[in-house]
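Chain nomenclature is as follows: A, B, C and D, assigned in order of appearance, with residue numbering initiated at 1 for each chain independently.
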């Protein structure tokens, strides 16, 4: 009798815990595929860039400094990727926002106005951001896009 | 004789301590009423926002992340509320200040130029700030205003 | 012919994107149940505590300052919850670590050596941390535990 | 008729706003009296100290560097006063806590283990902290106590 009750309570507990919603997240195999695609694109374009991937909280999941990329790319890559993850928009939008005269955005948390970071979205939900830094901003973004394509369009 | 003197001195002491001025402050029951009203407004407008209330020193008294609000709303909500509490003005004024070209304000402490935070004033004295973040800025402010109305116009 | 190929590629793409792993996360309904249970326990014990819940990255999902809890509980509650989320262990372990003489831990990120914060784990995975601050550390932890029980043992 | 209703609603509003609790706070006249008493004590003891008063949130309400007090007293005085305000205990307790081997306290927010800061309490509620720095710790505390006595025992 008690066992039955216990079993019911347990299943109820399980049911409640299982009741929590789920969300996708970036695992290492997918991250490596994205990085490989970005590296291939950089090689194709004959540039050396720092590649970075962060999760939706801005946690650094991967960073690889480009062989001849300058040291400041280590910061630029992280900030571009975080902007993309925090705002769910390309970091280029940050640059455009300032160019349009909306200077107040400079005060926003994790806001970084430089092209080259892209949000990683699946089913409309932000999983993180990917970026490249070390070449011209348009090329940096094209490299980040290649990493994104490997995830979304393979 | 001495006792009388002692009694006089003591009463004087008491009088002096009691002489300190008083000020109202936000207690939990009122905070919950404000939050409930803000949540109701958000539900009515069918948006998910992070709601925040701080005291006049910027101490965080309450924060609740909106279910589908992005992670950056956690920072935005706190900064909007602190701006409102520190400057005694809606955080929209901060945005307007920058749009007018007074860029120097970007360097001011706790200054945050984004609509959605409102000062909590009673009898002309600042008790703190309330904010919402996660929807359009005007809607964020309308939700914060609903919380404020629950305190001021109930 | 091309459409067929496109369709195949698309389905492959979808397959690959869907391939990403899933993880549970704390949503607002469950957070409110945890908070209500913690508040009920605090009331039962006749103490006023600040209650805090963070996600696995330390992002603040909920904070409510206890009515008569001192202002420092706002910081203590957040740090206890973050320690629990970051290390997947009760913040009491942090205190024990130092008492054992492992002072070096004082330098660890988000390490906070004070009882009252507990990790929120489901199926062995950390979803975040819950804490209470304002009473004796053992009571703070008991209140956090009540919030946790509401999630795990309901 | 409508006016009557309006009047009722208004009075209800007022009632609700007035419903907020009150707390005493330190005003400038009382602060000046505390400082004068502390300065008198320092002169009597023939020492030069930095005197500091903060509110319960740690906001700096008054600071006066002693004529020959070293520059580091500017930081010491503020930290002693904040410890006292945050923990509602003399900053000497902080020093004793560490001496007893509870090293973990070094990680606590605003914790400062050095004698010379005292909490300002009225009716059991913390209004802030007062401190002195520049002489021996016991003398620093005696000077802070004189400032406190001027408020509590006049």
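What we mean here is this: contacts are C-beta pairs under 8 Å (C-beta built on N, C-alpha and C of every residue); 3 or more make two chains touch, one makes a residue touch a chain.
If you're wondering where the values come from, they're calculated on a predicted model, not measured in any experiment.
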item: Most distant chain from chain C, judged by the mean position of its C-alpha atoms; value: D
item: B-D or A-B - the one linked by more C-beta pairs in contact; value: B-D
item: Averaged-CA centre spacing for the pair chain D and chain B, given as whole angstrom; value: 23
item: Centre distance in Å when chain A and chain B are each reduced to the mean of their C-alpha atoms; value: 34
item: Touching two or more other chains - residue numbers and ranges from chain A; value: 57
item: Contact graph of the chains (line, ring, star, complete, other); value: other
item: In the complex, chain C residues that touch chain B; value: 27-28, 59-67, 71, 74
item: Interfacial residue positions of chain C with respect to chain A in the complex; value: 9, 12-13, 16-17, 19-27, 30, 55, 57-59, 122, 127, 151-154
item: Touch list for chain D against partner chain C, complex; value: 56-57, 86-88, 101-104, 106-110, 126
item: List of chain C residues in touch with chain D within their complex; value: 70-72, 75-76, 79, 94-95, 98-99, 103, 106, 111-114
